[in-house]
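Next come two complexes, and both contain chain A; in the first it sits with chain B, in the second with chain C.
Up next is the complex of A and B:
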């Protein structure tokens, strides 16, 4: 376990360093870009002196290691820098966007967890349903995230009047009660949630199915049946509870791909999360913002990998103790 | 066997159709050849997009663009994953520790965000996209190959061959490739399909080669067209690239799964 934590810490260090280095290896800088993107943001061409001044203002002219040191010190204080495009603190921007992304991602993962487990349970009882679901999910699992979003957008959202096409809340909406606001948010989240769930359900289904099948072969199930325990008790206490840890671990392992999927789907539905802000940041070569988004998503993914490891370790220990 | 042949035959059929579209179909995939947003007709099999460019021609050239990116990424991942996996599994010790760390590192990074970061900074040529996708596809292959090599290393025939002084390349060729090659080929084939998806995802975000007519770019341009949902144009503008993408990825996946069953005899 210690080795795993050390490994994750090392991974984090490497990713941090890469994340810091890449933008500085590239030709050009935001000021070149901003002065060239005429008509979009600033239509004036910056003079060399102005660019020099801005570079020193943002600290981009210092030597590499002193920039790195500054960066680490600032990040530890929770300061992720200042967005060059939005002209606001990156941490503030991300804190505004993170809840939306987390909402979509965790919501979809939870939905997938429940749905996948329920369907796998159903498949245990009905072999025919299991066959159909297995084939269906094998196909569905191959669907790219953004296509799931686009298909839902065109086939469902555009046909049904009451489903909004984009955004997270009605623009300039007026709410008469808290409940109204919640309803509006849920309605806007419906399509992104559905799109992400559609793509993530298969992996939960397969994990749950494999887990259930492996538990069913265990001798203690046979002994429980031989004791004449009720089917409901066997299902819940013997099968379900023992099969759960790998499924919960799958939840955390899925965060890595789900975070990418959320970012893509957000762009389909113009949902104001980290995905849309990332795209904007890339468009305007906004280093601090790109680094911030990437750093935040990396931390989230590494933490969830750690959680998955902890669950697996605890499960192994329990298994070991019971043997 | 039949499960193996059907997806392969269908994929070949798809490739032939798109090869016709690329080579003999009279419309160009880059230049306008009709009015904008024409409905499908004899002249334009799948209609035209907002610039009057034929859609069938675009989808056809997109197929070869996507496929070549997928295959190129798979070849690089194949070589990298195979070499590192065999080296780590065979050498053990420090080499193994380093490779294992690299594998875990690449497996733990969230793929799409880092692809966006690198894609944004390294520019948007097809070559860069291939390198990025390959860089994040070799790790799972290396992991499998490493595990397999480690178990092979303990077999008696390998210990014997090694004690006679066989070098790594000789041992690989004569004793290990039979076990490792199928594994390597199957996982590389899976990379091809995933690379196609990843390329179109990046293209959808506007991070692919803007000059290549890739499916992701077509989809992005169509969905970016204001009010497209309320017209019927999307039926011939959006559906062809979407269906082509889904179909080719699915067929590749089915093929690689059938190959897995056939070679490795899994359930």
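Up next is the complex of A and C:
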């Protein structure tokens, strides 16, 4: 386990460096893209003097390593910097956007976990359904996130009146009760959730299926039958409970691709999560914001990988002695 | 009284294996051992009896437990009988226990079916103590158990609701001898005190000996022999049963242990005897006709077209005197198919005389006669045919013509028997006894060979005739210890792989005990059969006990 943690720390260090370097390798800098009105394409040219002034104001004129050092020091203090484009603290901006992204991502993952597991259970008893699902999910699993989003947008959302096409809530909406607001939020989340779930379900289905099949082969399932236990008891206490750990681990392992997927899908549906803010940040070379977005997602992904490892290790220990 | 369990024509088959219809019954409180090699169908039988077969398995026949037929029942009904009337304890491994539940939960879910909740804790303690586990272990998870503990816990679970019948699957396969003996004692106690009947599936003949009152021998899905434990172990009558006994480390503490030979490649018809390819006494008929399991007298059930192990060569009432001294005084001796018998006695006790009479080389004895396969033996003919009788003489120096080449000597027996000159066969026999068979060696003169080589050449000569019985008179007496060990192992391995019977005549009691399945002692003109176990005992029981 110590080795695992060390490995994750090393990964973190490497990603941190890359996060810091890559934006600065892109052509141009924030001030080439600086605009008069936030969110609009730049039309006003800034004078070179002004740019120089702003560069030194944001410390971007300093050598690479002193910028890096400065950045590390600030980050350690919990300061993620100041967005050049939005002109707000990056941490504040992220805290505002994170809930939406987390909502879509966790919602889709939970939905996928439940759906995938349920379908795998169904497949255990119906071989035909299992065959169809297997083929279908093999295809779906390869679908890129953004494509799933676009397909849903064009094929479903555009044709069904009551499904909103973009945003997280109705613009300037007036709500008469909290419930109204919840309904509105859920309705807006429907398409992004569906898109992400569509792509994530297959991995849960395959994991659950493999786990169930391996548990069914276990000697203790035969013992349970020999003990004359009820079918329900065998299914829950013997099959389901023992098959669960890999499925839960799959949840945490999926966080990585799900974060990326969510960000892409958010852009398809103009959903106000971290994905849309990241697009803006990249477009305007907003270094602190780009770094902030990536830092946050890196931490989330690495922590979930650690969680998955912990679950798997605990599960292996449990089985290990029974070999 | 009706038997506890009555199995009628039970047959279980799934792709790649079938357990042929078998019938047996088990009385209340009886212990039956089902033995056989891996793949013989023991576990299939157990799963069939317990109605725990996998999907795609065909089960037919009847299993009557206390008069109720199990196979035709709905699982719903059968579930009521599980643990209450019959229970199964699988192999001693915690893999048979749910890794996610403590022992307490696992025992509780069974006890729930038979006891009111307030009695359960007390009953659990009692069960744990009965099987020799600490009640505190109930809080453990299966991963925290040793093989022996898992086995005891599985047994505790099986007897939880006091069933009349418990099926044990390979209960001791991964236990050490001390744990095995302790477990056997526990099963005996449960059998005696609670009257629980057991069916024990095992490949450990020693465990079968310790526990069972009857043994059923399974091979490749067929019952080969069924009889009382004492009879079967003392006097196995199916070649397979004998093979299992001879292969048991536990039953042969001093003897060199040999497994049953692997099947020689033979054409066996679909309906032939399953043991045909490995049997030492098969007839052409056996390739096409599977024997029925039937009673050949004395209550023993044997499935063999020849009625069990046949006696090949038999001497009856042989008397022989030299002058006024009576060397042999009414000697009866028999050599069965596929066995190594030893004839031991002190020097000058008449062993060689008896061996030569049995070999047909000394015919002027006063009384008695020789039988081969039950008929009066024509020894001359038996010397000259395949599957007859061959002898390796004590003194290879004088029994081989020193001026012949190796090839001439090796090919001679078949030439004399008018079977023709077969160089290939001679070469093969030489290779079998571990001699070179290249041209240079074949052209060597006998007189240039060493003593050990000549001894091997004598054996090779006998082997070219593919004998049914090989008499070997002091084959190793002239050899140094290492050569002697090599030669004895060679003879035993040839016997094992070729399947002939051998009478080893020797004054070397120690060697005889190592290789012989049975041992005759010749003393003052009389012959007696020695029970080896009466003379050789071991005291390893205490080694592993704490």
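Structure notes:
The rule we apply is simple: the second predicted complex is superposed on the first by the 306 of 323 C-alpha atoms of A that agree within 3 Å, B and C clash if a C-alpha of one lies under 4 Å from a C-alpha of the other, contacts with A are read in each partner's own complex, and residues count from 1 in each chain.
Criterion: contacts are C-beta pairs under 8 Å (C-beta built on N, C-alpha and C of every residue); 3 or more make two chains touch, one makes a residue touch a chain.
Keep in mind it's a predicted model, so treat the numbers as computed, not measured.
Bringing the complexes onto one copy of chain A puts chain B beside chain C with no clash. Legend: residue contacts after superposition of the two complexes on their common chain; A:158 is shown touching chain B, with no touch to chain C. In the overlay built on the shared chain, the residue A:15 is in contact with chain B alone; chain C does not reach it. Look at A:259: by the touch rule set out above, it reaches chain B but stays clear of chain C. When both complexes are overlaid on chain A, the residue A:114 reaches neither chain B nor chain C. In the superposition on chain A, contact of A:129 is made with neither chain B nor chain C. Looking at the shared chain after the overlay, A:318 reaches chain C, while chain B stays out of its contact range. By the touch criterion defined above, A:279 lies against chain B but remains apart from chain C after alignment on the C-alpha atoms of chain A. Within the superposed three-chain arrangement, the count of touched residues of chain A is higher for B, of the candidates chain B and chain C. Of the two partner chains, chain C is the only one touched by A:218; chain B is not. Of all Cα pairs spanning chain B and chain C in the superposition, the closest are 19 Å apart.
Across the complex, chain B meets chain A through its residues 101, 104-105, 108-114, 116-118, 120-122, 193, 197, 200-201, 204-207, 219, 223, 229-230, 234, 238, 242, 245-246, 249-250, 253, 257. By the touch rule above, chain A contacts chain B in their complex via residues 7-8, 10-11, 14-15, 19, 22-23, 25-26, 138-139, 142-147, 150-151, 153-154, 157-158, 165, 256-257, 259-261, 263-264, 267-268, 278-279, 282-283, 285, 290, 293-294, 297-298, 300-302, 305.
Chain A meets chain C in the complex at residues 218-220, 222-230, 233, 237-238, 241-242, 317-323. Against chain A, the residues of chain C that register as touching in their complex are 50, 52, 78-84, 87-88, 90, 93-101, 109-110, 113, 141-144, 154, 157.
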